[in-house]
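Quick one: this structure, given as structure tokens, is what I'll be asking you about.
Order of writing sets the labels: A, B, C and D. Residues in every chain begin at 1.
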Amino acid sequence: MISFAWLIPLFPLLSFLVLILSGKKLKTVSGYLASLLTGISFIFTLGVIADLRSVTEYEATWTWLTIGTTDIQAGVWLNPLNGLMLFIVSFVSLLVHIYSLGYMGENDRRATYFAYLGLFTFAMLGLVMSPNLIQFYMFWELVGLGSFLLIGFYLYKESAKRAARKAFIMTRIGDAGLLVGLILIFWQTGSLSFTEIFQAVEQNEFAPGMVTLTAILLFIGAVGKSGQFPLHTWLPDAMEGPTPVSALIHAATMVAAGVYLVAAAYPLFLASEWALMIVAVIGAFTAIFAATIGLVQDDLKRVLAYSTVSQLGYMMLALGAGGYVAGMFHLTTHAFFKALLFLAAGSVILALRKQNIKEIAGEGRHLAITKWGFLAGTLAISGFPLLSGSFSKEAIFAALLEDGQYGLLGVALLTAFLTSVYMFRLYFMVFHGKGADKPPKSVPVSMKIPVIILAALAVISGFFATGFADWLAAEQEYAVLHHSPTWLIFLATLLSLGGIVFAYFIYVRKQMDREEWKTTFSSTYTILYHKYFIDEFYQNTIIYSTRAISYLMYYTERYVVETIAAFAAGMVKEIGKTGSRLQNGRVQTYGTVALLGLAVIVLIFVVRGGYF
Amino acid sequence: MGLLSLFVFSPIVGLVLISLLSNNSSPKIVQRYALIGGFIPLIVSWIVYFIYQRNNRLAENFSWFSYETDSRTLVIDYELELNGFRLALLLLTTLIVTLSILASVKDIKKNPKLFYQWLFILELGMLGVFASDNMFLFFFFFELTLIPMFFLIGKWGHVEREETAYKYLIYNGLGSAVLLIAIVAVFIQAGNANFEAVKDYMSTMDDQAYQIGVIVAFLVAFGVKLPIVPLHSWMVNVHVYAPPAVVMIHAGVLLKIGAYGLLQFGAGMFPETFPLLAVTLAVLGLINLLYGAFLALIQDDLRKVFAYASVSHMGIILLGIAGMNTAGYQGAIFQTISHGLISALLFYLVGVLINRTSTTNLEKLGGLWTTAPVLSGFFLAAALAGLGLPGMSGFVSEFMAFLGVFENLPVFGAIGIIGIILTAVYFLRAILNISFGKRKGKALDKMTDLRNLELLPAGVLLAFIILIGVYPDSLGQLLQITLETFVAGMGG
Amino acid sequence: MNGEIIAFALLSAASVLGALAMLYVSKVVHMLLSLVLTFFSLAGIYVLLSAEFVAVVQVLIYSGAVSIMMIFGIMLTKHKDQENRPPNIKRSLITGAGIIVFFAAVYGAIRKVPFGEQTPNLHEANTEQIGIKIFSYYVIPFEVVSVVLLAALVGAILLARKEGDDQS
Amino acid sequence: MSSVPAQGYLILALILFCIGLFGALTKRNTIIVLISIELMLNAVNLNLVAFSKYGINPNMTGQVFSLFSITIAAAEAAVGIAILLSLYRNRRTVHIDEMDTLKH
């Protein structure tokens, strides 16, 4: 089975090609076709994973490009980490495809939608199977393309246009870092293949400082893709896309690719303490930073987006603190519960046709399955004991403790508290309250099934922690699952429950007046509500300065370059005029010119003593 | 007459065919015959390709004239020879000319007969430029491309066509004057105009100052064509005011003569001295890259955006050459071909757009996708190719060019990366402005999408772009030998 | 210093003087007359060069025929015989510069050219030798020249004839 | 016997030629231009004759050629004057810088 692994991404690609080329004609069956192909892909993935238990590593490459004496390969590379990602991607993608059957049901352009989904799935599967950095980078950009296309799917909306552009450009800034990083790695090691890079790291072939530099550059790529500070601003805006897309791309898979990049290139990061430190600090900062913003946002999807940013920060933090398994495990559980949350939120939005939680004000309570699904997700993300989130979070705390990062541990614990506060704020405001009592539009079955499956996974997947660690440990010796001491488990649970209780008192029992809070901490509230004014800051610094440079160039073009042009034209014109003045019809002028020509030739002859 | 000569002069068939038509035959008929005429070089070029693949060598040579002085003989032969790079450019030329004939259907209404006659002369010139193995023959064909373009711009262009044509002629005329002087200077020293012979001669000569002087002259001459900032203002005008079908050829092939010339005359003839100019080239490349990108950012005309995008992309070629290693050269060559395909595609689409909306002003357009999804899709695909999306040819070339630069001049490469980001910004700004958002402009309401035959040029170009992007070795293998000769001569 | 050199010096001085005078006198007739001096001195120089017959022809044709013809030309076209407009200084300077370059170059060349000794027998029966040469070896060119002269004659008459018929 | 060197004659001829050339290119009166051309021809004749005596292979040919040349010069002068008269009759001028029909 494993030798057919290369087929896995090709089914979604086929779906993309078929649907984009014959779009309109296949409109009605497009969703089923796409789901079917993704399903095949998923089955292949399962087969490959089954094989991976015995093979542990598999690589098949062929020459993609020859540069001088270096062959750059393309192919598939499978190891436990890749297998895990393959599973997450194809599984969530399949669920999202099924969910979309209902969600996009009547949309006129659903063939295009499914085509884009296929393209994204193809790219994402290709990404996780890349044996080398260049193929990785290519698919990395292609998933960006898929994300861009899907964010801008409602293309008649100005906001969608802006969000799509922003997403592409912001991630591209990160990608530029990744590109530089991989080029530098190439000149250090003469290869881009992961395995060869790791060998080079082991044998210290890097120039001094280069390991840190390249690791940080790779991390910049990850920052862009995973919405880490300071390149996080695109991710909340990306919620302009259809909700299933947010679940697939902007929660479960693509944004996690940054984390995956750090994990896949982990030996490189391990070789540099500085790089790990930076990863950890950025991750921790992003986690708490996004969590605080999430406290006050009113848009259902935006809160989830900030929570995604925050959770991705967690994963980075874990990786930065040496918690390889913890980070990847959190990635896995997060993929389940965040996809669940988004899909449930999508059901709410589809049923109620609104997504501002103040307007919803509890109307969601009529959607039973959605409600329970959402609750499961919320509990999981809040770290409620025995649900998946609590296991992965504890692993992270343990890794931090092991690494001696007490400050970061404090930040992480605080973030855990905030997480349960804002997630339950969201839950209570959507599903508890006295909003209009009319029963909402019912949700199609195709949207319920994925929610149920994911809810189940969100609840139980935490129990596989040990098996998960063993699975990853098969190949990498740094894959160790850290276990927390009891006091830490206790503390984390306390914080999680405390957050839930806190939210309960504010939003359900209304023990504290929210408006009063707003006035007491008005400046804090304003800052948080405006997301720390980061967008405005970028607008006023980077965008304006870019535009200023542009105008500077524009005036250079207009005055300097055009002057050169005018000079050239003027010179030619003058020469022409002189020439035409010589053509005055007078024999003597002609004779004079001829004489001068003769004189010049004779002079050259005399001076050079020959022809030239 | 050998196969190569037959190939180079094959556009004459089309020329004769068109000339035989009566003066008042309808544009449709003229166009049909022009298409036949265009297909002949296209077919011959593929025959040449397959023969070259089999033999790995295709050359032709007979003595043209020689001139004896006291001490030595000056020889100019008629020499045509192929290598992978040239062959790739030749295939590009025939393809783009054929497609531009297809594209000109609705564009050229005034005296189509004359238009196609000039077009075939232009094609003849371009084929000759890329096939000749000799400086003087190169120059001869180089000049032959100059005149048809002048008329094609001046007679069939838009608003400021005459100013543009003159600007074009002045800049390129000066450029080729410099080129001629440099060629003569080299010829007098080496006594032979053959590239290979000159290279052999130059490797035995130690006068470095002279060599650098000549290379700088070549840089100026081809810098006009490429163009290098600040010699680019003519090219922006041509992009904006020439008919889109002609711009396809102009951006697709003619600008490439600059890149080809720089590589052939610089790296090909002075492999030892040329690397001394690496920093100069890198600086020029950076200026081109960033200057073009920043300017493209604020233009409000689609054609101007693409024009400055071309300036910016040429910067990548220069950066690649500045790398002075296999990766860099290969990147520059890939960029040459890839930009040819991409800009031809972009201007084909611009032509279609102008044809329907008669404007390319970004302010006046919007929401194109709602009425013409296929056209918008192609626009987006072309823009993505232009901004270097992996899977398309632009990425491979950018990647290799930067790979090349980073080996020796990492700082320049790092600055150049900013250009990559900006490229994304301006391409997306332009394309999203016209295709996304609310529908603007009355012409868009009753807009028709790309149909039937109109799909062909766009489809073919996009197919090639993706082919090179997905499997770059399809082009790369053709180039290996050329690259080896460029790089082998460099002393360490 | 012998007689030949003295004669050469005098004659060449006279001829250059005549030519320079042609450039600088103001009346057209005077210019012509100064040039006649040059022609005469050249005839003398021909004698020095053992070319008596050429010298005689020089006197007859240049100093005689051509000069007279020019004088007739002046008379027939005479309005004001003076060059009263200021000369074109710029052009004179440019032309002068070109001529000086040319002069210097050719002068340099002349200085370098080696010459053999003269032949002794040219002056013996000079006219007879020329006659023999012309009427034996160069007879065809001679006859052709006569045709040329005839053509010139006819042409000159045709051109100079009053075109009364056309004008009225 | 020391005699005048051949260079002497050649230089004299050169001087005359240059003066003639200068006159032909700068003088305004057409007749003087014509006569300047005659002067240049004379300078050439002088060279021919000088070479017939001092040349590498001295013989009578030089003199014969100068005779031909004189003949042609005379014919040329005659035709020149005739053209001049005809022009003068049409345009009432002998000034060469007013004759610019070559331009049209």
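The definition used in the following text is that contacts are C-beta pairs under 8 Å (C-beta built on N, C-alpha and C of every residue); 3 or more make two chains touch, one makes a residue touch a chain.
The UniProt protein names, listed by chain, are A = NADH dehydrogenase subunit L; B = NADH dehydrogenase subunit M; C = NADH-quinone oxidoreductase subunit J; D = NADH-quinone oxidoreductase subunit K.
Because the structure is predicted, anything quoted here is derived from the model rather than measured.
Peer 1: Any idea whether A-D or A-B has more C-beta pairs in contact?
Peer 2: A-B
Peer 1: Please find which chain has its CA centre nearest to the centre of all protein CA atoms in view.
Peer 2: B
Peer 1: How many Å are there between the centre of subunit B and the centre of subunit D, using C-alpha atoms for each centre?
Peer 2: 58
Peer 1: Subunit A to subunit D: how many Å between their CA centres?
Peer 2: 92
Peer 1: Go ahead and note the Å separation of the Cα centroids belonging to subunit A and subunit B.
Peer 2: Here the centre of subunit B sits 36 Å away from the centre of subunit A.
Peer 1: How many angstrom lie between the CA centroids of subunit A and subunit C, rounded to a whole number?
Peer 2: 97
Peer 1: When you check subunit A against every other chain, which residues touch at least two of them?
Peer 2: Subunit A, residues with two or more chain partners: 588, 592, 595.
Peer 1: List, in ascending order, every residue of subunit C touching at least 2 other chains.
Peer 2: 91, 95, 99, 102, 106
Peer 1: Where in subunit D do residues touch two or more of the other chains?
Peer 2: Correct list: 21, 25-26, 97.
Peer 1: Quick check of your reading of the touch definition: is the inter-chain graph here a line, ring, star, complete or other?
Peer 2: Per interface graph, the chains form some other shape.
Peer 1: Among all the chains shown, which pairs meet the touch rule set out at the top?
Peer 2: So the chains that touch one another pair up as A-B, A-C, A-D, C-D.
Peer 1: Could you pull out which subunit D residues touch subunit A in their complex?
Peer 2: 21, 24-26, 33, 96-97, 99-104
Peer 1: Could you please specify the touching residues of subunit A with respect to subunit D in the complex?
Peer 2: 583-588, 590-592, 595
Peer 1: Enumerate the contact residues on subunit B facing subunit A in the complex.
Peer 2: 69-70, 166-167, 170-171, 173-174, 188, 229-234, 291, 294-295, 297-298, 325-327, 330, 367, 369-370, 373, 384, 389-391, 395-396, 399-400, 402-403, 406-407, 410, 413-414, 417-418, 420-422, 424-425, 428-429, 432, 435-439, 471-473, 476-477, 480, 483, 487
Peer 1: Name, in rising order, each residue of subunit C that touches subunit A in their complex.
Peer 2: Touch list, subunit C to subunit A: 91, 94-95, 97-99, 101-102, 104-106, 108.
Peer 1: Would you mind writing out the residues of subunit A in touch with subunit B in their complex?
Peer 2: Those residues of subunit A that touch subunit B are 63-69, 112, 134, 137-139, 141-142, 145, 152, 155-158, 160-161, 164-165, 168-169, 172-173, 176, 179-180, 183-184, 186-187, 546-547, 549-554, 556-557, 560-562, 564-565, 568-569, 572, 610-612.
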